[in-house]
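Read through the structures below before going on.
Below are two complexes that have subunit A in common, paired first with subunit B and then with subunit C.
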Partner chain A sequence: MSTETETFNWKEWVFTTDHKRIGVLYLIGSMAAFAVAGVMALLIRIEQSTLGPTIIEDGTTYNEWLYFHGAAMILAFLIPGLTGFAANYFLPLMIGAKDVAFPRINAFSIWLFYAAIVLALVSIVIPDSPDIMWTGYPPYSITTNANTAFYVFTVHLLGFSSILGAVNFLVTVIYMRAPGMGWNQLNIFVWTTVAAFAIQLVFIPVLAAAVTMLLFDKYLGTHFFDPAEGGDVLLYQNLFWFYSHPAVYVIFLPAVGILFEVVASMAKNRVFNYKACVYGGILGIVIITGEVWVHHLYVAGMPDWLRIGQMVTTLLISVPVGLIVLSLWGTLYKASITYNVAMLYAAACFFLVLVGGLTGIPLALTVVTVHLSETSFVHAHFHFIMALFAAFAMFSGIYYWFPKMTGRSADGKLAVFSFWSNVIGVNVTFWPLFIIGVEGMPRRYWDYEMFPHFEPYHQVATAGAFLIAIGMAGTMINWIIAARSGEKVGENPWKSKSLEWTHCPSPPGPGNFPEDVVVSEDWTPYDYNK
Partner chain B sequence: MTTDSSSGVHEHHWETSWSPFAVVIGIFFLVVLTFSAHYVYENTLLTIVCAGIGTPFLLAGIAKWVHEGLTEKPLISGVAGVGLPIFIISEVFIFLALFVTYWVMRLSAPEWPPEGTPHINTALPIIMTIILVSSSWTAHVAEEKAEANDLAGFRTWIWYTIILGTLFFGCTAYEYNHLLSEGFGPSTNAFSTIFYTITGFHASHVLIGLGAFFAVLIPAYKGMTNHTLTTCVSVYWHFVDVVWFFVLSQIYFW
Partner chain C sequence: MKFFNTILSGLMGALLPFAAMANEAYEGDMNPADQWDRLWNTILLDITVIGVIFGVAAIWMMVKYRAKSPDDVGSLPKLTRAQTMAWIFIPCALFLADDLFLSAKGWSLWNVYRQVPEDALEIKVTSYQWYWEFDYGDGIVTEELTVPVGKPVVLRMTSEDVLHSFFIPEYRVKEDVMPGRVTYIWFQPKKAGTTVATCTEFCGTAHGNMYTDVIAVPPDDFTAWRVKAKAEAENES
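Our next item is the complex of A and B:
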């Protein structure tokens, strides 16, 4: 059945309950958020390119950019891009299901997400645009004249959307796997998505409660975070990071899951140490993730004994992460690797995760982090591990699954050119920030007149940001062109063994599979070594 | 796929439903924009307009959604009975966050209850407990009637549950009214902050539960019930009941 002969029917998109179309809607929405938040990043870099005011006259506008850049990149691009787009489109295909367990709830989730995007975009143009970072720390978020309510509701809408997504996907994986598919036969991406949703289910409500208290404090006059009246200002930071640190793994896990799919297909190799990766690595992260958040408060105030405990748990979580990364590297062992664009992005991720992961270790050590806290070293660290790694993994996935979604390949000269522009750009941008961070450059300052000797480093970083901008624009243009006129490549161009490639057409129609899928006991999605 | 479409029964087409879209529009206007219009921009006309747009969308969306749930055959049936408990895990954590906040504030306070707290009547919450536990029981009986295909009995016992739930909600309203008249409002002190937040959040769950009972009651007059849906509403109501015991012991009797 060819979808190309169908005429475009807007109702079949707006009112759709099909997981693939919802996935595409997530992709469009998250890429729109990415584009706007990316422009903010560029403005931030331009402002930093010279000492003193460059393109704005005061810090408030800068704070508004930081707010939107952070909130949109994390909450509206990375999380919905990975657990919304990738999980929606490919998880049901990977387990041989016709759709998710609750298709209408899935449609509900996507429009909650769009409501949040609309609210976030509206909050840029209103006169009292939020200026409270993505963290919304009190007391500033309560005393500011800006509209904290829109921040709170953006979090509420996205959180509700994700919680319902979690319910939906957990039930889907438990009950809708193809007959014969056991737990040890699932794609790693399925496992990582399940883990990410399990984390979302438990931790988002705590963030929702925290921002609700913020809302009440600001608009109803309650005293949750007001020490003068018996409230506790650090309570917010604790509740906030209780979700927002695990959120890092909500992003990391599906991202690394995508890399496993790409790497196994391009290396034509089994996943190295599958069980250690799943039960030690992925589930290990789920178990430890709730005991790590306090390291975000190292300098905000806590007893010394707690610092030591938090150092231990923070370092401990690198063990399951290490198991996962080890499996990822091991999957390349003795393989003949196909270096297409998806694999190029995956290879870049091997480097990004190394830089981002290793720079996290000094930040976990209390003696070092007291010095590094709130410097651009932290800023560069989490951009490597969270922003760049996850975004590159998502791009890798988009190139990998592009033929599945469109029937066409997106690989080409523009794809390769924009890849190199991106990968060089991110390194040019963030390495200088590591260097000046160690020397004391503070994060979040719109002006740094007290540190004039850092100006050249900022200029290099800004130049890198323009390289990224060129790369990202090239990538987007490439996808749009390829979706319309890319080379047709058939149903399984990568010769993958995973169900989404072997059992359904490209792109899949309603109901996904022409025939019901049944798998045998010795089937695995990585069955390359027989 | 050609074999399917020739039979006509399994013809493949893109599934659609406008109900989720309508519910989102409803929530966006009725909750997000109405709150912002009233508390942030303090504009009464805008508040009324936003609530006026949101309410019909929300109600129509829910009605359509329930109707589809009762009439259409799902891809896989009965799993909502698992989905709802998973959702409740998330509810547990939101209540836990509120209680932890309460414990932190209370245990770090030099005196408790803080200055400005009037005497809070503990007889009323006992009565409310009896009402809510009874309603959990009537909800359970209604569920059994539905399983025995006794539709008239089902409707009757759902009505009992709704009446008891409304009574409970009325008690909360009475209590709030009384305390507010004594000058104990949300902004009075640390205890009032947590008191109104936790009891109010619980009461909002009672309201959602009542809405859910109406959502199963109204179709039941047309002879439509669904075992899974009834179970879900009932389980949710039991959960609201269990949470009440934590509210009772922590807020009123500690």
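Our next item is the complex of A and C:
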């Protein structure tokens, strides 16, 4: 990071191989995607605030917003924000490494990521921009006039970027831990990142294959998904969700990891039942994650026996998730909690994960989805667990690590005000959608003339969206101001025991650590109460 | 390993009664939609109880364990081996028990949903961008669905273009409709009246406008409607 005395040199950023700068570039890119996709969300909510056309005349524009909102939030904000920014910047610091194993490959990853961001942004302004939802189901994605190719190539670029990142970080954790650091001494965030990248490495190629077949069907005349020529439309859905359900854990796991770092540091406590959390919870999810995708196809016409089999495997996910939740809750027990903005976001996450997780239980039951699938109940459920929980955890992490990245604190009145605007906003927005979802309100509807009595609920949700918009804008402004003129705090303002706080300056210089890090046998990053 | 085997077999034994509890739920001749509502209430109770327990625990700890001074540290004790095992196996057993309990209930009702009564009235449904066609098999083809009250109705559905999904919120049924395959749902209207069927798989520009009426009429009126509709169909052709 540059300080006031240094002059800004753009080449040092574009051609950087420093994991910390690459992390910051991921943060900027993913926040840009988040801002644009957030504006789309606001437009979506405004359109739904009245019956009939509100700001547009037909569904196509609305569908383009939905496509961009979904694709950008998941593929360009959540995954790169968590595995790109947070892992890049902090994972090497946490294990006492000077950089990642392959810094140049890391630089190539960020270039691919920016190419994808540019392609995604260009897809908004081209004529016939994609209107195929982030899922891109055929036959519609093939028969539509829209440019499905933009979707396919964006997924390809992000996929390449993630695969390279996965190899890089797995090698880094395996080979570059500080001397003396055993597997049971790793930060939970390191474990969750390893798990997320392992999932990425196994499952991304399947998604890449699926969207490539889409490309071939649409532009090269193949018939993978065309039943009239012997293809099958369900093939795509199976391939797509074989990646995209595990992708939920690629988002969930690093978010949980950040939460553990923040909670343990602010509660000054060891992680409750560490081994159960790591080997039962985190690795348990990695093992089960490949056997649950059919719950996205419960009403898609799969064979009945398969739908029942995957109902059981889907419910089984509650066991590893339960172990993680117990460790998280247990870390508060007999703690000594200091509240600041990072901890406020972390505290909110406890409730977001409860609401999001528990509303997933009915959706695991095949017969319940016969009524609830593709309604706004599902929409609210996955926003709580994936969008809100993960974004709040990421924000918690940004406030927590802000002093490490800049040497300054981002806490202050604007930060606290934005937090409350966000936390009230998300509840006002998504609880009405749970209610009308159970009553039958479908997702992805630009208009709902068949359900006029839902209009007040949509209006409340729209009001909530404005609260979130205020909160998010406040948060971003606050970070920009704080990075330039926030209060200077020392190297370790939270008195954390994790290596990134105890062994390197804020911000860390080239090579990260002034002296080589060696850890003792009984050291752990959560050493508060020996 | 013997230690683990003993624990595992003990766990499985403890879980069986939970699964057995679920079996008594669906006796009697209830409409599938009513049974769905009953299952939904059970699940809602289940997740609310779990949510309240965890939520209250979190708030209690967040308030009680605030730092007294900035230099305080927490005092979570290290778990002994026995405590570690207990904190793994007891919660896992409870989670598994709840999973199996809900699975068993879900499975029972699923069987009801997928076994079509033999006396069901069969109607063919074809979906297009952006409307449905209902074929009663005797020359009657409509764009609204008329069904008799009190009689099971099975829809055999396929699509002529892209994916759609046929959803009647009132009857708690939904299944995707796609080209190249035939899917089905069945339901049994309880009372006369008009409700809505709507598309729940994204199908393009007018996805949000793709809906139609489902009109349930008394059996006698249905017979009369059918005679009249057939006569109209023959007149047209």
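Please note the rule applied: the second predicted complex is superposed on the first by the 526 of 530 C-alpha atoms of A that agree within 3 Å, B and C clash if a C-alpha of one lies under 4 Å from a C-alpha of the other, contacts with A are read in each partner's own complex, and residues count from 1 in each chain.
Following the convention adopted for this analysis, contacts are C-beta pairs under 8 Å (C-beta built on N, C-alpha and C of every residue); 3 or more make two chains touch, one makes a residue touch a chain.
Owing to the predicted nature of the structure, the values given are computational and were not obtained by experimental measurement.
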**Request:** Kindly say whether there is room for both subunit B and subunit C on subunit A in the superposition, answering fit or clash.
**Result:** fit
**Message:** On the A-aligned overlay, A:Val171 touches which partner chain: subunit B = first, subunit C = second, or both, or neither?
**Reply:** first
**Request:** Please work out whether A:Gly290 is in contact with subunit B alone, subunit C alone, both, or neither, and reply first, second, both or neither.
**Result:** neither
**Request:** Would you sort A:Gly322 into first (subunit B), second (subunit C), both or neither based on which partner it touches?
**Result:** second
**Request:** Pick one for A:Phe272: touches subunit B only (first), subunit C only (second), both, or neither.
**Result:** second
**Request:** Using the superposition on chain A described above, determine whether A:Asp232 touches subunit B (first), subunit C (second), both, or neither.
**Result:** both
**Which superposed partner A:Gly412 touches (first subunit B, second subunit C, both, neither)** = neither
**Asked** Of the partners subunit B and subunit C, which touch A:Asn147 in the superposed model: first, second, both, neither?
**Response** first
**Request:** Identify the partner contact of A:Pro53: answer first if only subunit B is touched, second if only subunit C is, both if each is, neither if none is.
**Result:** neither
**Message:** Tell me which partner touches more residues of subunit A in the superposed arrangement, subunit B or subunit C.
**Reply:** C
**Request:** Based on the superposed arrangement, let me know which partner A:Ala208 touches: subunit B (first), subunit C (second), both, or neither?
**Result:** first
**Distance of closest approach, subunit C and subunit B, by C-alpha atoms in Å** = 12
**Request:** Starting from the residues of subunit A touching subunit B, keep only those that also touch subunit C in the other complex, and list them.
**Result:** 231-232
**Message:** Considering only the defined contacts, which subunit A positions touch subunit C in the complex?
**Reply:** 58-60, 62-63, 131, 133, 135, 137, 139-140, 143-144, 227-228, 231-234, 267-270, 272-273, 275-276, 280, 299-301, 304, 307-308, 311-312, 315-316, 318-319, 322-323, 325-326, 329-339, 347, 350-351, 354-355, 358-359, 361-362, 364-368, 370-371, 373-375, 438-440, 442-451, 495, 528-529
**Complete:** The answer for subunit B against subunit A in the complex is residues 1, 12-21, 23-25, 27-28, 31-32, 35-36, 39-40, 65, 68-69, 75-76, 79-80, 82-83, 86-87, 89-91, 93-94, 96-98, 100-101, 104-105, 108-109, 114, 185-187, 189-190, 192-194, 196-197
**Message:** Give the list of subunit C residues in touch with subunit A in this complex.
**Reply:** 36, 39-40, 43-44, 46-47, 50-51, 54-55, 57-58, 61-62, 65-68, 70, 72-79, 84, 87-88, 91-92, 95-96, 98-99, 102-103, 105-107, 109-110, 113-114, 161-163, 165, 167, 169-170, 172-176, 178-181, 183, 185, 196, 198-209, 211
**Item:** Residue ranges of subunit A touching subunit B (in the complex, touch as defined)
**Value:** 1, 9, 11-12, 14-18, 21, 98-99, 101-105, 107-108, 111-112, 114-115, 118-119, 147, 149-150, 153, 156-157, 163-164, 166-168, 170-171, 174-176, 201-206, 208-210, 213, 216, 219-224, 229-232, 235, 239, 509-511, 514
